[in-house]
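The following blocks contain the structures, represented as structure tokens.
Shared between the two complexes below is chain A, which has chain B as its partner in the first and chain C in the second.
What follows is the complex of A and B.
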């Protein structure tokens, strides 16, 4: 029993690590721009495709592949945001955040179908060897997945440093806290909005590439996970970066641990009951009030 | 009320009558010249979309062939393709559109069992024939009044074949891993009972599709230490399960179905993860002239059974209408005449659409055999006499092991 629990915890951490990066991206964009950008699913897929092309056509190593994914997903995120979402944000009313969020769902569908048009519906695998798991005691751990976890945590730490040490990171936090005050201090919110979108979507892109290395990439790769990503971000409080990581990891772990008591068909149920319980106990998410982009 | 006098009433009546007359005229004109619409609900996107594109192409070839041979009763046929998105909800919307707006006489394609189960009631209520390539037994058990024809082998048949095959491979302990579908539990029951009858044992687990990892499901399966795992999923989930089985170091046998283990899968999974996996493939009638002809027209070296079936869906609907003694062009006429053109023991056997059309139009007896098979239907609408092939992945490619 104990080894089962341990094994499922490890499996859950691995699933959680895969969704932690896009959840970080979603949280970052929400903190700075004030709306939930659901098109992050399509950027995750974009990153996965970019990584796949870099890997299979250019035969680049892992780190270069991930940089490709970051840049392509980030750039595509900024361009599509400028074209489709920024014009709606310009005339701001109380309904704007919801309208932009809905528009981002539409944007997500448009992008997904564009991928389908160019790449077809097939599954595409990376040209990377697949490794057998290592055994630590009775618990199996995948090497690839362990890498994913390390990369996700490493990026979260880098991001935290960026926000607490650099001028531009602090400026972003200022915009997140109060746009008008930040503008009075001479901070240009639009430029920061672009940067936040670039980093947020880039993170999703890396997440997509890691996920695709583990599984494969097809046009719906991102859409299949968007609810889980959103859930991770919400549980973490939507504006807290450490919260997003913890939220994503706990969504993964709760889902897998649920298998101990429930048949696997009901797995997403356990995760979503967990959201309800978290939000009932702490309406602002587990990390409400904690340090993040927004203090 | 006082403003309506007799004269105005008369004018209005005449006007309305005239309108009705003209609309009557135009609709009868339309019936004489407009194309006969045949709907197609196929998966072009989503988890079941591996054969969607070739299904559509095969149907279009049937359309071209029938129209260049003069059409049906002097009218061309027209294929209306709708994407079911591998999603029953989208399929229901598509079926409503095809039946109510396009007024199709029949709907073909209909691949995933969940999709077919969802649209079947709309079809029989709308007196529209549904040709399906789905496997779930429950479909033809519905009160479909004869409007459903299934050209694919049933789940029971496929499950029995997979079970027998796995037993012949020497396996004793079977574990089934598959997503929630209308047929998952039947597979577990059927295959387990075959193993029990052979002195072994069997169990299974139904998982949720759309997951990024099936490690915990694989852990649960391996706890039973099976020597064969039956994979009952479609390509996206089966590809992840195969990778996770490899990572977990599973060294037993793997057997799956053609909707999960096929060329799309071998391209998506590294060879080391897929090697050795068997696939049960409902076979098209690959030695027939009809099959060779269709493959050549599609400029391919090989065509899956499902796309052949969809080609036959279009042909069956057209031939049935061409043969219908009543001369009516509607779903009921299709229903009442499919068997007359596909399994008339006195009919002239042909696997050429143009020949078959001429014979049917001239009122002669005809027995059409298509690229998908002999197309003989039992009373409940299930096709009889299906061939299977057993294939195995070798160095990342599927190789035929046995035809039976």
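What follows is the complex of A and C.
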């Protein structure tokens, strides 16, 4: 029993680490641009496909594959955002965040169907050497999964350094905090918004590639995960980057622990309940009371 | 050809019922319901199961509407304090959970195989004329729903509801029960979705979880956005336009050589999604424009409260 729980916790940590990357992206975009971008699911899939092509056609090593995923998903994210969503953002009313969110669902559907048109509905697996699972005590861990965990954590640390040390990172936090004040200090919000979209979608892309290495990629890879990604982001407060990581990791573990009582098909249920409970306990997200966080 | 048109017309009526429901909740009530398709599924399954148990058709359909409405009221009560985009996430998740239940509760719903052989009402009596009868029946329901909602929205209830949509605090200060109005609007929308689901189930005589996916919600948002999302007439016209677009893309996709079935389907979905984005960019107020419901003069949407509230979305204007 105890080893079961331990095994579930380890599995949950690994799932959570993969979810953490797109959850970070979603949170970053929400805090800088102020709307919920549902199309992150499609960008996650884009990253997975880009990685799959880089791996199977070009036979690139893992790091190059992930860079490919990052750049493709990020670039596609910015381009589609400029074409589809930016014109809707321009008209600013209290309804605008919701309108852009709905448009982003449509964008997600458009992209997903574009993938289906080109790649078909089949599952595509990466061409990676399969390593034997490691055993620590009674707990089994896949080497690739352990690798994924390291990469996810490394990226989160890198991102934290970027936001606390670099000028651009600080400027981005300033925009997230208060657009008007940031503008007053001579920060150009639109360029930063594009950068935030690029980084956010790129992170989702890497998450997608890592996930697809572990399993496979098909047009709906991202959409199947969207509830879990949102859960990670919402539980973490939707505007807090460390919160997104903590939220995603805990969502991963709660979801796996839920398997003790729930049939596996209902794993999304834990994500939904977590979203609901978080929002009901604090309608503005966990960190809504904190100063300097945009509501 | 005639039977094809009759079928398309019936589907348009199905979309129109859903659009009317969405206008009620979203356009007039100010609450986004991205879980629309969940309520459709609820109604469809309720009606199909009851009908299989031998209940008469009027009972099946009423039960579908009542069940969906009740679940809608309950959901709305739980999420009563959530703001727009959070409501979007929760309702979207809710529909997904319902779909999971439909897929996995095999003892009740027969899982992903779905339920087939759902009895159509009076099919033996009408024989060959059944399709036409069903078309008329559908559009009669649409007309009844539209007239009822129109009456409702012109009444003091409608004005109070719009007041809640535009500013909850002001409405509350004016003595309106904000929560009750919200519950009523959301419940009515959900009940209409459930009724539409029942209608659909008995039309096609087959339902499965795959029918009730988020794409259908996007279809209805397109219909409502195209027609002007506070307008009942816009919802009906938008639904007809939606079916026209769906059928046109079907023919266009069939003309292009060398496409397989998956590609044709994805092309259609792609067209729908892009249309919604284009409509929202070019005509955010819909084809019918908006009338200022408070004064009767044509004017801008009363929600615009620039300067009162912090600008929510980073825009490109400056």
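Following the convention adopted for this analysis, the second predicted complex is superposed on the first by the 269 of 295 C-alpha atoms of A that agree within 3 Å, B and C clash if a C-alpha of one lies under 4 Å from a C-alpha of the other, contacts with A are read in each partner's own complex, and residues count from 1 in each chain.
What we mean here is this: contacts are C-beta pairs under 8 Å (C-beta built on N, C-alpha and C of every residue); 3 or more make two chains touch, one makes a residue touch a chain.
Keep in mind that this is a model prediction, so the values were computed, not measured.
Student: Clash or fit: what happens to chain B and chain C when chain A is overlaid?
Tutor: Superposition result for chain B and chain C: clash.
Student: Quick check on the superposed pair: does A:204 touch chain B, chain C, both, or neither? Answer first, second, both or neither.
Tutor: neither
Student: For A:46, is the partner it touches chain B (first), chain C (second), both, or none of the two (neither)?
Tutor: neither
Student: Tell me the contact category for A:15 with respect to chain B and chain C: first, second, both or neither.
Tutor: first
Student: Just chain B (first), just chain C (second), both, or neither: which does A:125 touch?
Tutor: Once the two structures are laid over each other on A, A:125 reaches chain B alone.
Student: Quick check for you: in the superposed arrangement, does A:229 touch first (chain B), second (chain C), both or neither?
Tutor: neither
Student: Tell me which partner A:183 touches in the superposition: chain B (first), chain C (second), both or neither.
Tutor: Touch status of A:183: second partner only.
Student: Residues of chain A touched by chain B versus by chain C: which partner has the larger set?
Tutor: After superposition, C is the partner touching more of chain A.
Student: Looking at A:218, would you say it contacts chain B, chain C, both, or neither? Reply first, second, both or neither.
Tutor: After superposition on chain A, A:218 lies in contact with chain B alone.
Student: Quick one: is A:116 in contact with chain B, with chain C, with both, or with neither? Answer first, second, both or neither.
Tutor: So A:116 meets both chain B and chain C here.
Student: Once the structures are superposed on A, label A:92 by its partner contacts, choosing first (chain B), second (chain C), both or neither.
Tutor: second
Student: Once the structures are lined up on chain A, find the stretch of chain B hitting chain C; candidates are 59-67, 113-121, 257-265 or 275-283.
Tutor: After superposing on chain A, the clashing stretch of chain B is 113-121.
Student: Can you pull the chain A residues that chain B and chain C both touch?
Tutor: Shared contact residues on chain A (touching chain B in one complex, chain C in the other): 116, 120-121, 263, 265-266, 268.
Student: Over in the complex, which chain B residues touch chain A? Could you list them?
Tutor: 44-46, 49-50, 52-53, 180, 205-208, 210-213, 215-217, 219-220, 235-236, 239-240, 243, 246-249, 264-265, 267-270, 272-273
Student: Quick one: in the complex, what on chain A touches chain B?
Tutor: Within the complex, chain A touches chain B at residues 4, 7-8, 11-12, 14-15, 18-19, 116, 120-125, 128-133, 140, 142, 145, 211, 214-216, 218-220, 224-225, 256, 259, 263-268.
Student: Can you list the chain A residues touching chain C in their complex?
Tutor: Residues 32-36, 84, 86-103, 105-110, 112-114, 116-117, 120-121, 175, 179, 183, 189-190, 193, 227, 230, 234, 263, 265-266, 268-269, 271-272, 275-276, 279-280, 283-284, 295.
Student: Looking at the complex, which residues from chain C come into contact with chain A?
Tutor: 32, 34, 78-79, 81-86, 88-90, 92-94, 96-97, 100, 103-104, 214-215, 218, 221-222, 262-263, 265-267, 269-270, 272-274, 276-277, 280-281, 284, 301, 303-306, 309-318
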